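A quick write-up on the structure given underneath.
We just call them A, B, C, D, E and F in the order they show up, numbering each chain from 1.
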């Protein structure tokens, strides 16, 4: 099968995403109870983790894998920096710039899942360690953003003659690192990866009817909720404004291109290169906002959450997934 | 296997329905969290929709299907009218008559599921378009009921010399139609049908471990909750009174008989005729009450909801499903 | 495969239990919505019930089974008595002693599940009636504890010259029996057993993708929640104190030994003997606390709940399950 | 205030979830016209943390409030006071202007 | 009290869940600065038991409260009073000292 | 009122869910005897709609109330006021007669 745009879109879960958008736009009262959304998201992470962990156990951590993981961490550190520099050109509130930078430096597990499904249909298989890359890319972006916000904060303290008595006490980095690491969704992925790695193929087989069999159905429900949420956020879009919407559409492509360059330069396998592009191009709307809301209270969550969820996520699902593959084919000469 | 009463009853999900009734009657604190009931009901609709949609994609909409769908809409319009005329003989509150008429004109998805399972066991297969019939029968009944309630309202405004200052502003029909169409459960069925139709057999296969594999278990939980709810409503039965309980038991049989006549006259296939009887004989306790509560606030939901859920639903599950089949066999000479 | 400690521990669901403990200890915000925990526990009971009931239908109730069930009820009556006598040596609050005695006389369904999985891996198969033993062991323990608490209450009423005006009205035994029997989780197990027995192998087959296929995954989520709960209770451990923690670790082994003696004396089959040991050795943290909180309000739930959940349950899962098997092998000379 | 509100007492009861039925019975028997239940609340008091979790409702709280006249408020609070000697809970009484629909006021 | 609290009215509304949107509209249109919703409460009133369950929200209650000045409180309670002639509900008005963040007070 | 109620202040705090821990710490450190949490509420204020949904708790509210004496109420409301300069929230203080079990009053 060739990897055109429909390969990806004509899958029931993806269609439920669009259905969710439609339902909310026509003001239907359709909704998924929050407790279930929580369950579906933990389920997704368990499924990715066990699958990734067990194939990791089968293959071991090769030298290749180490190079990819290091590249992933480097990109998760660099993306926030250059995103911040771009954003500060137009944004007055630099805290917003730092917070947005964090979400784009980090990753989206659901984009990862959708892209895995696409690349498997196309007939290319990425390594199991890509799930580890998903894990290691989360925290560096948060750390970078918090550092940048801290710099903004000290600069503002200097310039403002009278220190505002209400300035939030900046959280110590140790506490933020703790929060980033112990964030429930993040930890669920790590735990499942480890359990997958420990129990290997047998563990995977035991869990398969749950983690693979009903996977598409659970994903359909989760994407339905995401569609509903995306459409709920559309009315915030005017607060987000043209510049940031543009950023949310262009940045993924820039990030994917840089990732492609690195992957080619370092000689990644094709499947790994693709997933690397996806990770770098995606933005976090679950784990990162939860931590950043705490760590950078001066930033407006309506901006960074809405951009990651309602601009970049749909863009990647609809256009990014096939586009990055075309870009990859061009370079790989496939 | 022959379609006697036990064919239907000795299925685990149905037995969980009776278990639920029993548990509530002996005042057990057993309960299903509302968030899960919501999930189970959305799940059921997804499963019916995808199955129906994909078999629709396989067969296409034949001339036969169109005739059935038109008949379904006609019956969904007629049942409320003659139900209202019967009910007004004894009911003083004509708003109650209109609201009850709406629930009986509309349909029950769970009765549809139970009957599908029965008819498949008997060896007869209805067409995929019957799921479309399930969809198109919901709104006409609501529209008719609202029109009738509107007539009652204007008549009362005329007769009462001093217009009550507290009479509810009647909702405009456009708003009611919007509510009927965008009702979450209704839309979930439509969306799933469409997604099933778009992705066809491949989509169905992808979703099958979810939508078919675990189906009976999810149904068992949902019917357990329904049993609990039915028994909770039994204490309202004295408010409902003998006349309405009688209506709830006799009306399904009358409706099924009329449906049988039409099906025979128009030459439906046997499986389609059976499902048509089931749809016409069943009453709605999920989508219709939610809309009617809004649209006809003068009617008492304890009446219309209790009749559809606690009288007609159990009657159809226990007696109706095999009875309508016997009636069908008599006419078809099977 | 030989039944060493790792046979049991290297199963993904069990590892999720440890992961849950770890997550809570490092203060992660990972949590399972209560509505889902409720669902998972009802699911487990449905699965055990249908499996047990259908294999009961296949085998019938043999003379052997009757002997085992009677032994189970006897042990559920005796364990609370001698537990109470041991506990009163050191506990000042005799109501606490009675309540703790009730939890140890009763049983844990999840320990039962984990042990079933272990013993099946080892290649020994217990009879389907062991699920019935699980059912019949719950209420006797509660009844005994309430009787003992009643005795304590009347004695205190005699000794205290001025009757306290605030002493709780002791609930009549009839009400307590009603509560014990109609407790939601208890009833779910009974109902599922009956439905399994009525529908037999065909019913089991219908439900299998739900009750067996996804079982390990659902169990993994449930054990994750149990791990989280166990770790939450660890801070209560200082209230529990050394004596009671010791009781929670030693008592299961004593109980298992006595059960082993009885099983050997009465000539149980090996698999049945093992499950009998497990049942007698396990303590209830779901059904019994819910009833006992009502029936013995003077007892502190932090003690009896924490001991059963955070001391005895992990002990049985980690050490008890393989240990009781070794003990069994010694006696059986396997 | 010039509202058509009726001066009443709002009696709020936090109680452990297993005793909800008993609290409702007390409220009913005291002659209250109704009550509202907030099913799942958590909290801390002198009995320590009570955070309802899914495994058991033994550590879960529930909240009930009822709008009643002063006399009924007193009756209810005394009965609940007795109950919370042995079960976790607290009673809160405050003033409230209650606006009922017309038929209610006629009674 | 020497707090920086602003004396306001707390208007609490219990209403059947299907009418939540209408209540929020009334609160908004009366000019309230905000509101808080307690999504799922159950209860009993003169219309009998209303325990929200999963099959339908027709028997479920919701609670909304809004902090407003006396005049707005009156406006809201009158409109809701009209609504609850046909739908289950009740309105409770009480006094409250409200502490806002600084920017809010500037308004 | 002739109840055995103790005159206290009820301090209610609406706060965004991510800050619940901090609010509880403030309440604890101020010396409150306890608190009750209503875990999931939604609402609107000057920061716009905050309807908790399953994907993130960044837009979810929580409500906490604590029964304390006037002095403690003041201490808590001042600290929370500081907190809600940057986080969504509001503080409501009202009078309440609190009925405790006997042992509590002895303290």
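The working rule: contacts are C-beta pairs under 8 Å (C-beta built on N, C-alpha and C of every residue); 3 or more make two chains touch, one makes a residue touch a chain.
All figures in this text were calculated on a predicted structure; none of them were measured in a lab.
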Touching both chain B and chain E (chains): none
A-B or A-F, whichever has more C-beta pairs in contact: A-B
Centroid-based (C-alpha) most distant chain relative to chain E: C
Remotest chain, chain F as reference, centres from CA atoms: B
Between chain F and chain C, distance of the C-alpha-averaged centres to the nearest whole Å: 39
Centre-to-centre distance between chain D and chain C (centres being mean Cα positions), rounded to whole Å: 35
Distance between the centres, which are taken as Cα means, of chain F and chain B, whole angstrom: 46
Per-residue overlap in chain A, given as positions that touch at least 2 other chains: 32-36, 38, 166, 209, 213-214
Multi-partner residues of chain F (each touching 2 or more other chains): 38, 40, 85, 94-95, 102
Listing of all chain pairs that touch each other, if any do: A-B, A-C, A-F, B-C, B-E, C-D, D-E, D-F, E-F
Chain A-facing residues of chain F, complex: 16, 18-19, 40, 48, 51-59, 82, 85-87
Chain C-facing residues of chain A, complex: 33-36, 38-39, 42, 46, 50, 178, 182-185, 187-188, 191, 194-196, 198-199, 203, 206-207, 209-211, 213-214
Of all residues in chain F, those that touch chain D in their complex: 1-5, 10, 33-39, 67, 94-104
Parts of chain B lying in touch with chain E, wherever the complex brings them together: 32-38, 40-41, 166, 168, 225-226, 229, 232, 236, 285-286, 289-290, 293-294, 297-298, 301-302, 305, 309
List of chain B residues in touch with chain C within their complex: 10-12, 15-16, 19, 22-23, 26-36, 209, 213-218, 220-221
